[in-house]
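Take a look at the structure set out below.
A, B, C and D are the chain letters, set down in written order, and residue numbers restart from 1 in every chain.
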Amino acid sequence: MTAATESRLRVRYAETDNMGVVYYANYYIWMEVGRVDFCKARGFNYRDMEIEDGIFLAVAESTCRYRYPARFDDEVIVKTRIEEANARTVTFAYEICLVEGNRVLATGSTRHVFVSRAMQRTRLPEKYHGLFGLATTATLG
Amino acid sequence: MTAATESRLRVRYAETDNMGVVYYANYYIWMEVGRVDFCKARGFNYRDMEIEDGIFLAVAESTCRYRYPARFDDEVIVKTRIEEANARTVTFAYEICLVEGNRVLATGSTRHVFVSRAMQRTRLPEKYHGLFGLATTATLG
Amino acid sequence: MTAATESRLRVRYAETDNMGVVYYANYYIWMEVGRVDFCKARGFNYRDMEIEDGIFLAVAESTCRYRYPARFDDEVIVKTRIEEANARTVTFAYEICLVEGNRVLATGSTRHVFVSRAMQRTRLPEKYHGLFGLATTATLG
Amino acid sequence: MTAATESRLRVRYAETDNMGVVYYANYYIWMEVGRVDFCKARGFNYRDMEIEDGIFLAVAESTCRYRYPARFDDEVIVKTRIEEANARTVTFAYEICLVEGNRVLATGSTRHVFVSRAMQRTRLPEKYHGLFGLATTATLG
């Protein structure tokens, strides 16, 4: 369990649908925003890990429970934390809230595996272990 | 448990991402394609239910497990069936496969609640019960 | 011609494609972000105009010239101004730049007509004229 | 000027917005669908050109005029043709219509330049010239 980071965003018109609310798949895009910010707050840049180390975080599983609909122009907070991590996989948990009143819109999670550019499963390089809250001893994985 | 319908689609460039594969949120859009086709195969049009009856299927929960990445221009089948349904909620299950080799790309589910245009929870009108595989007696819900 | 507003955003992974750059349609979503911010900076809320007055800005035309590709996690500025406006139509012009080095990524425009919820063309209510830089005398339109 | 190809698609819920119609940026995704089909009808696969030749079609300019709104579940035809082509650039023109009544929803165009994976401008390999309606003599470009 780790401290959560908070990302703010505003609902785009493009993200709404015919029902007048945010289309359900778009919450997963907001989780991505939260995840990227979380990594930055931990002191590393997801983009650099891709470019410099050739390590990608492929999504293995995603879930979302929708509590209350978000609408166009709502200001939203994505609270992101790591739920579980080891050298092969990391699970993020998210709580997505309205800024106004802190009402919970949705909760969700994404589980990722570390892969190479060729999409082969790999282990997280040791230099990143601390950033994901992993011990840096040899017993991992 | 009901018979599955099959929807075919081709991966759009817009659906791919920097990793060269389909972005994870887009599988949920494909589930929507499957769901709409499923309803049509059962003899009713989702759009008509919205317009004529003011009944919407709000998503309450969604999940996806990703097995193998889809890439640009891949031809994909979405197999959709109802996993569970009553007068207040319906759960669809999906299997998403490559046409070539029938390889499973992902499996997932979406649980929906019936709501009015004002997003208030409501019951499915009885005339639709048969289409969702519900008995049409009075004991539902 | 009016003063430009500036909106900042960060490129989402979801917005990139197989080519490793931002998919071309997504620049139009960024223009929407700029447009909504522009309206707010002028002292009115686009959402309120929709809800309170039933006035929508339907897009009649859009154009974009792409100069340099944006990539994941780039920080981007959208500079938005009104190019032309009257009681029936308004044209926004955009310049989209990298924050780093102020390099121009794209320029574009969107022309809109004012419509009712039923998508019938209408005139902009006089109370909004000043916000769009229109004179409030009777000679408009 | 070349013969047009026709692509059929059905409006997805994900493509609609708060106004109850298709969000304006999504027409550009449909143009992509038309463009890819056009290339296939000409006997080559856009994906193969990327993978085998390392040639990409970067978008240099895009335009769309919106005539009539598309709505959820509408069946749509994208008519695609090449408007102009040489060894460095190709311009596609599109007409997007409702299947029902053949009503024109939008017209548009995209201009592309041939680039390498590193996004450097390049010339179309001669083997593809015929497919784009180019003469195969040495005087091009």
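Assume a contact is a pair of C-beta atoms (placed from the backbone, for glycine too) under 8 Å apart; a residue touches a chain by one contact, two chains touch by 3 or more.
Note that the structure is a prediction, hence the values are computed from the model and not measured.
K.L.:
With contacts defined as at the top, give the pair, C-D or B-C, that has more of them.
P.N.:
Answer to which pair has more contacts is C-D.
K.L.:
Farthest chain from chain B, comparing Cα centres?
P.N.:
C
K.L.:
Using the average of all C-alpha atoms in each chain as its centre, how far is it in Å between chain A and chain C?
P.N.:
29
K.L.:
Suppose each chain is reduced to the average of its Cα coordinates; what separation in Å results between chain C and chain D?
P.N.:
Computed value for the inter-centroid distance: 24 Å.
K.L.:
Taking the mean of the C-alpha atoms as each chain's centre, how many Å separate chain B from chain C?
P.N.:
The separation of the two C-alpha centroids amounts to 34 Å.
K.L.:
Quick one: which residues in chain B touch 2 or more of the other chains?
P.N.:
Residue numbers touching two or more other chains: 13-14, 18, 25, 29, 32, 71-72.
K.L.:
Would you tell me which residues of chain D are touching chain C in their complex?
P.N.:
Listed in rising order, the residues are 18-19, 21, 24-26, 28-29, 32, 50, 56, 58-66, 69, 110, 119.
K.L.:
Would you tell me which residues of chain C are touching chain B in their complex?
P.N.:
Going through chain C, the ones touching chain B are 13-14, 16-18, 20, 23, 25, 71-72.
K.L.:
Name, in rising order, each residue of chain B that touches chain D in their complex.
P.N.:
Residues in contact with chain D: 12-14, 29, 32-33, 36, 45-47, 71-73.
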